[in-house]
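As C-alpha cells, here come the structures.
Two complexes come next, and they have one chain in common, chain A, joined by chain B in the first and chain C in the second.
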Partner chain A sequence: MLSDQLLTQLLEKFGDKTQKLELKPVQAAVLVQAQSLIELVAYIKEDENYAIDYLSSVSAVDYLEDGMEMVYHFSSTSKHHGLTIKVKLDRAKPEIPTIIEHFPAANWFEREAWELYGINIVGHPELKTLLLSENWDKGWPMRRDWDDEDFVRFPEF
Partner chain B sequence: MEDNPNNPTAGDLRTEEFQVNMGPQHPSTHGVCRLLLTMDGEVIRKAEPYIGYLHRGIEKICENRVYNQITPFMDRFEYVSSMMCDWVYALCAERIGEIEVSPRAEYLRVIFAELQRIASHLIFVGTFAMDLGAFTPFLYGLREREMIIDMFEETCGQRLTYNYIRIGGVSKDINPDFVAKCRKFTKYLREALEDYETILNENPIFLSRTKKIAVLPADLAIAYGASGPVLRASGVNWDLRKDDSYGYYDKFDFKVPVGQNGDTWDRYYMRIVEMREATRIIDQALDGLPEGDPTLKIKPSFKLPEGEHYTRIESSRGEMGCYIVSKGEKKPYRLKLRGSSFNHLMVLPEIVDGLLIADLVAMFASLDVIMPEIDR
Partner chain C sequence: MGVISKVPVFLEKTPGGGILLTQMDKVLNWSRSSSLWYLLFGTACCAIEMMCTGASRYDFDRLGMIFRASPRQADLMFVAGTITYKMADRVKILYEQMSEPRYVLAMGGCAVRGGPFYYDSYSVLKGIDLVIPVDVYIPGCPPRPESLMEGCIKVMEKVKKEKLADWSSDSAK
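And then the complex of A and B:
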C-alpha cells in the first residue's frame, strides 16, 4: 500500500483532477477524471518515488444509476507498494482512454471491459471479441440490468 | 529471378507468408485454445491467440449466488490448483468482513496450498516433458501426484474440486494419521525429484530444445503482468508469499528461486526448485501445527459489510487475484477473477517471432497456461 505521504503528494500534484477515496478495508485509492487518466498513469510509472510498473488487473463495475467505474490495481515490484485508481464513467456513453502505451498488460483486460460492459476504449488498437463468440448479438452480459430469456436468476433464500 | 531454360517454371517461384491454425483441439495447447500462426516457411512470424472456448461466465454466476455457494465455482476457475482458488476467494471475503481464522486453520491452509503447488508442478513437469517427446516423466509426475490427491481425498472427500478452504476456516480437520503420511511424502518427494533431474537435466535433447529458446526479458514480463515462476525465471525476485505476505507465510523460512535468462529452461527449472522449497514449508508447518478447531463457525448464508478489496495470492502459476465489491448484502455485487495465465498468454505473441513450431510447443508448455483460468 502506498504511504500516506506519497499519496498526499500525488493528490497535491494533480489537484482538482483527482480525489482521495476512502475505501473499506483501508487502501490507497485515487479517483481520477477520465481525461487525466493517461497523465496520471504516465506520472506514477516514470516518477522514481512511485516506480509503479505492474498492473494486476482492470475491472469494470456497473453501479446502474450511479454510473460505471473502471478500477485499476497497480503495484510496484521494486518499492513493494500498491495503488488503486478508479475512473467514474457516464453509463449512457461510457468512454475511457486506453493505457496500453504505458501498461501493455491492460490490453486484454480493456477488451474484456469493452465486450462485457460496452465501455468504449478510445485508442485501443484491436477492439474485437475476446471471450464471447464472434457472432454474439445479445448486448453486454455483465451489465447489472442485462437480461435474456435463457438467463435464470438464482432464487433468494 | 532470371528465366532458367532448363526449368521453365523457375521464374514463377516465389515465397510468401501463410497462416496456420493451431488448435482449438491440439494436444499441446493444454485445453481449448486456438493460435493463428503466420508462418514464413517453418519459422513463425506472428501468433494471435483466440480464447473464450471455455467461457462459462463464472463472474456473472457469482453475482447471483450467496457467498458460501461461490466456493465450489472457485474450484472450477482453475481446476489444477483448486486449493489456491478457494483460498484467494476466502481471503478476500475475510478481509472485507474482518473474519478471524483460527491458527490451526491457517497452518492447514499453508500445508494444503503447498501440497497443491507440488501437485500442479508435477503435472507441469510431466506434460512439459511429454510435449518435448519424453513420456516417462509424465508417468512419474502422475504417480507422485496421486499420493497428494489421496491425502486430499482422505481429508475433504474430493480429488479435484476440493471446496476445502472456506470463508472462516477449512471445512474439515485432518485425520489423525495425516501428519505422519505427509512427512513420509515430503521425504519421498525430495528423493523422487532427484530422479526427475537425472532424467531431464542432463539429457542433451532436452537441453537443446529448452536452453535459450523463447527468451522473455524481464522488462517485457513486468510490463505484461507476468507473474509466478514465469516472472522469476526472467530474473525478477517477486513472490507474493514474501512481497505481499498473506496467511502465515511470514512465519516460515523458505527461499525464492530466481532465474537468469528467462528462457524455457529457466521456467522449467524454477518449478523443480519450488517443489523442493514447498516440501520445506510443509515440514515446518507440520512441526508447528497448533491444536484447536480449524472448522468454520459461520452460518450458511450471511452478509458481508460494505467494502471492496483486491486480494492476490501466489498460486502455482503466479498471481491469482480476486476483487470483490460488497454492498452489504448476502451476495457480492461484483466479483472479478484474475488468473496469471491470462497475462502469460497475452505476452506470447511478443516472443514468438523467429521460433519454430516445435519451439512454440515447448514454450507454450513452459508458460504452463491453463485455459479455464483465462476464459473463466
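And then the complex of A and C:
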C-alpha cells in the first residue's frame, strides 16, 4: 500500500482531477477523471518515489444506474507498494483511453473489458474478441442488464 | 487376447486343421471394437478423470484403447469437459477431421447438458449434441473411471451392431 505521504502528494499534484477513495486498510485508491488517466499513469511510472512498474489487473464493474467503473491495480516491485486507480464512466457511452503505451500488459485486459462490458478503449491497436467466439454478436454479456434467448437465469426460490 | 477367446466360436474343424467361416461385418466390427482408439482431447476436469482411466490403475489398454494425438487416427472422441461457444467450433473441426466410422462419447454433466454452467452462463454450450452427434452419454461430475469404462463398453456394443451395407459416403451414422 502506498504511504499516506505519497498518496497526499499525488492528490495535491493532480488537484481536482483526482479524488481520494477510502479503501483502507485494503489498498490506497484514487479516483481519476478519464481524460487525466494517461497523465497519472505516466507520472506514477516515471516518478522514482512511486516507481510503479507492474500492472496486476484491469477490470470493469457495472453499477447499473450508478454508471460503470474501470479499476486498475498497480504495484511497484522495488518499493513494495501498490495503488488502485478507478475511473468512473458514463454507462450510456463508456469510453476510456488505452494505457498500453505505458503498460503493455493492459492489452488483453482492455480487450476483455471491451468484449464483456462494451467499454470503448480509445487507441487500442486490436479491439477484437479474446474469450468469446470470433463471431459473437449478442452484445456485452457481463453487463448486468444483459439478456439473451440462450441465457438461462437461475430460478428464484 | 481377444483372438484366442473369440475365434473358436467361428472355427470349423476339418481334418488336418480348421477353416474360419464368418461374415465380413463380424470381422470388421470385431477388429474395430477391439481397437477403439480415442482422441487425446479434454477441456476441463473430466479430462483428469479420463487421464486417470487411461493410466495404469484403471488401464484403457486392456480394452484395446490407445490414445491418439491426431483426429485422423482416432475412432472415438471423448468430449471430456465444459465446452464453451468458442471451443464448440474447434470441437466440430476436430470431429470433422476424424475418419469414418467415428463415435462420440459425451463425458460428464457439462458435455451432456451444460452441467453446473447451465444457469447464469453466457459462454457455455448447453450440451455438445447441439454441435456434433453423440453416441453415448455419461452423467457425473466428473464420472468415475468405472462409468467411463462402462460407457466405452456401450460404444463397443454399438460398433458390433454396425452393418457393412449401411455405410456410404453420406450416411455413415
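The working rule: the second predicted complex is superposed on the first by the 151 of 157 C-alpha atoms of A that agree within 3 Å, B and C clash if a C-alpha of one lies under 4 Å from a C-alpha of the other, contacts with A are read in each partner's own complex, and residues count from 1 in each chain.
Definition applied: a residue touches a chain if its C-beta (ideal position, glycine included) is under 8 Å from a C-beta of that chain, and two chains touch if they have at least 3 such contacts.
A quick note: this is a predicted structure, and the numbers were derived from the prediction, not measured.
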{"item": "Chain B versus chain C as contact partner of A:35, first or second or both or neither", "value": "neither"}
{"item": "Partner chain in contact with A:133 - chain B first, chain C second, else both or neither", "value": "both"}
{"item": "Touched partner set for A:8, first chain B, second chain C, both or neither", "value": "neither"}
{"item": "Greater residue coverage of chain A in the superposed arrangement, chain B or chain C", "value": "B"}
{"item": "Which of chain B and chain C A:53 touches, first, second, both or neither", "value": "first"}
{"item": "Which of chain B and chain C A:141 touches, first, second, both or neither", "value": "both"}
{"item": "First, second, both or neither for A:150, with chain B first and chain C second", "value": "second"}
{"item": "Which of chain B and chain C A:71 touches, first, second, both or neither", "value": "first"}
{"item": "Residues on chain A lying within both footprints (that of chain B and that of chain C)", "value": "131-133, 141-142, 153-154"}
{"item": "Parts of chain B lying in touch with chain A, wherever the complex brings them together", "value": "51-52, 55, 57, 59-60, 63-66, 95-96, 98, 222-225, 236, 238, 243-244, 301, 305-310, 312, 319, 321, 323, 325, 333-334, 336, 338, 342-343, 346, 375-376"}
{"item": "Interface residues, chain A side, partner chain C - complex", "value": "131-134, 136, 138, 141-142, 146, 148, 150-155"}
{"item": "List of chain C residues in touch with chain A within their complex", "value": "84-86, 88-89, 118-123, 126"}
{"item": "Chain B contact footprint on chain A (complex, rising order)", "value": "23-25, 27, 53-57, 59, 61-62, 71, 73, 75, 77, 80, 82, 84, 103-105, 107-108, 129-133, 141-142, 144, 153-154, 157"}
